[in-house]
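Reading through the structure tokens given below for one structure.
To keep things simple, chains are lettered A, B, C and D as they appear, and every chain counts its residues starting from 1.
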């Protein structure tokens, strides 16, 4: 079972890992956008890791969403907040969640993010990574989840490298975006890697 | 006797000579001002040389003043026009002037220029050159006048090189103007040299 | 970085503080990074809010004022404000008749404004509507026009929607004319030099001394082509051709035209552009109403210009000409 | 040269053409390089003319309009117009009540305007007076204040003299208040980057990336010091100190303050400067009336700013606040 304390520990790991990826993510975003993604992600997780999480898992996830909103209002920050908010709604009133519930939470987050950003799967965004993770976790034992998520996120980055970006700032680069990694997909990889770090 | 034709011939010479001094005068003015003096002088004399001069010497000199006004309204152009205008007033109604009248005409021009520019002798301007020429010509034979004017204008340039500019744009440079030639005095030297060229 | 500032992190807050103390009769900042009308919301009037990144004055905050906007949420330079700040702007603009969210189509802004709309609907029971500006013709093909960015066309939309709200129209009506204004706007930009985001400390893009970029966005988004600087008339011609291709005009049509500096380009050069743009419209038999030439939507010290055309019918023309007042513009 | 232009030799004429066709209800160009009011001179009203080099919009031509100027002679970029053009401006401004020549103290302009005055007095029997702006405190010591250059203080003098003329004052009276306004103005500038005169094609001066120059004139005339760019508050402090040293203000005094961009410096940064300048005036117990923050007197795309203070009594305050309208400014 995963409680609010376990979530706090995981956030601390992600915060440390993404802090180290700040420059990498900024330059990936610099090539296709405004170059702020590393800041958004590292600041967001630092703020979330520093937050005092309530015992109710739903409220804890809401707190994380709010932390993201406070420190970043770039697209990715808002999307991450949206994802956590959707997961929060599903787990409200519980002091712990079952690992078996995780695929459903990821799916809920993915769907909320699709709605918020009016994006589609296949547009070469973080959504594709979320979708790959959700599908990879389906029916897995708790023990294998993190590795599966990392594999899925990493495979998404590579799969989309050769495709053009169709959403967000990167869309303007059109064919020039082929060959470049989507910064949001890369950020998602670094985030899930953080869970294992 | 000097008639309107002789004046036209002299203008042609000055125009040719000052055209060759354009860059030199622009860079002298560039060091202490806005760098347009070479253009002002060469354009002004070119326009004057191209003008159709009436036989009346006074009206001819007025035409020269107007030509200067037309093509340049930088300080030097206006001062030259003012000088010619003053000389024009003194010679109106005559078809030719006596070389012996020239010192008086230069003096009249100098005085009008002092009034127009609210300057004083010693401020390191074209006025000092005009004054030196007026004094040098006093009582001279026609034959020696041009050489005397060139000597006087040249000596003024050298005499003032070591002094600070006290008028016009160059004033702002204060002590930094010491060691630099006043562009207006240099221009006057090139103009009188033109008479001999 | 050739900028006049203190700590780059304070750029936006000090700028807002200066603006409010310079014009206390127009602007107030009841909540950090939210500018509202000095007198508060007007009871019974539809509120209009906008929001977006800083660095575009008079856009966005500058246009809060009578006959224009009621409140504005403002982010860091070129960055979206937060959903919470936008929600505050909506609350401050609310006079009980609902609030129109009127802003440019940028991903981050849209997500945050949508979230803000949900927040105030749930928490404050305020009815809101949205109109997005999508006037930049080079930012997406005509078939995907809804994906285009919003640029200087915002100025017309603010003015026209603001006039309708001031005249007492209800939320649906204000939303309708705002959408009509947005639909009638087409813009295109060109840039000669970048600007510097204070906290980044380096130019937003690089460009050679002799080069220009046609179609560049106001944050340095890539344009259509980059090449040696062309003569002003050729620049104006290409810009007008692209605008008129996208929204053909017929003899007898009426437009307003905004020739706008991105910041450093001086008024002198805007008039040189205007002169040729007008020739194009004259030749097409199109009448110009209330032309705007100046700095209406900038990118700080960027060099370049944008041209916006808005096709007017009698309704839009009347609203465009109605009185309005803010620190940057008086009609 | 990062400029939008056609043939550099046509820069001024095309700019004027564009300005007049953009605002035909305000400006007319009856004679080349002379801008007059669209409706012509107002019979019985004192005329006010100015003149100077191009490249400073809204100065000079921009301020022709109701409650402001009647006509303006305009030269090449940064160069004086001719005496004949100035004489034409005077003739066009003359409504039978005499004409005030109100302009900045630059050698060439003064000589040409004096000549123009003599011309119209002789040829047209128009009575003229002169008031010179000498507001740039760094351009000469206080003991030689009459040698100082005129800069952004012109804006206040145009506004105040224009209001007096519009109110029906006679030539002596308009001249008196114009002189009073001129005497009450003090300005100082600072620059970060040069501009390029179109026909010269190269920057007016060179300055390192990290450097600023305090006290520089609007044509790049040398200033007081050049060093690493200072924080905005320190810049504002030095500028304010120099202005207040030259014209001390007492608790209870009233001023208007103009924080003006030389062109490229954005409104954002003007407000950052204003914010600190206001703190200085607040601390001194000096009241600010109608502050102006924006681009009122520029040097094309130069980066930098000027601050002007004008000390006001009730008479000047009333005239400053009187209605006025031109394409660049509505009061």
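Just so it is clear, contacts are C-beta pairs under 8 Å (C-beta built on N, C-alpha and C of every residue); 3 or more make two chains touch, one makes a residue touch a chain.
Quick caveat, the model's predicted, so the values are computed rather than measured.
J.: Can you check how far apart subunit A and subunit B are, centre to centre, with Cα atoms defining each centre and the answer in Å?
T.: 79
J.: Starting from the mean Cα coordinates of subunit B and subunit C, work out the distance between those two points in Å.
T.: 56
J.: Based only on mean CA positions, could you tell me how far subunit C sits from subunit D in angstrom?
T.: Those two chain centres are 29 Å apart.
J.: Per the centroid of Cα atoms for each chain, what is the distance between subunit A and subunit C, given in Å?
T.: About 32 Å, centre to centre.
J.: Testing understanding: with touching defined as stated, what is the shape of the graph linking the protein chains, line, ring, star, complete or other?
T.: Drawn as a graph, the chains make an open path, so a line.
J.: Determine which chains touch and list them pairwise.
T.: So, checking each combination of chains, I get A-C, B-D, C-D as the touching pairs.
J.: Would you pull the subunit C residues touching subunit A in the complex into a rising list?
T.: It is residues 75, 78-85, 107-108, 110-112, 114-115, 139-140, 147, 200, 217, 219, 221-222 of subunit C that touch subunit A.
J.: Name, in rising order, each residue of subunit D that touches subunit C in their complex.
T.: 1-7, 11, 14-19, 21-23, 54-55, 57-58, 62, 192-193, 209, 229, 231-233, 235, 263-275, 278, 291, 293-295, 298, 300-301, 303, 305, 327-328, 330
J.: Going by the contact rule set out above, which residues of subunit B touch subunit D in the complex?
T.: 34-36, 69-70, 73-75, 78-79, 82, 116-118, 167-169, 171-173, 176
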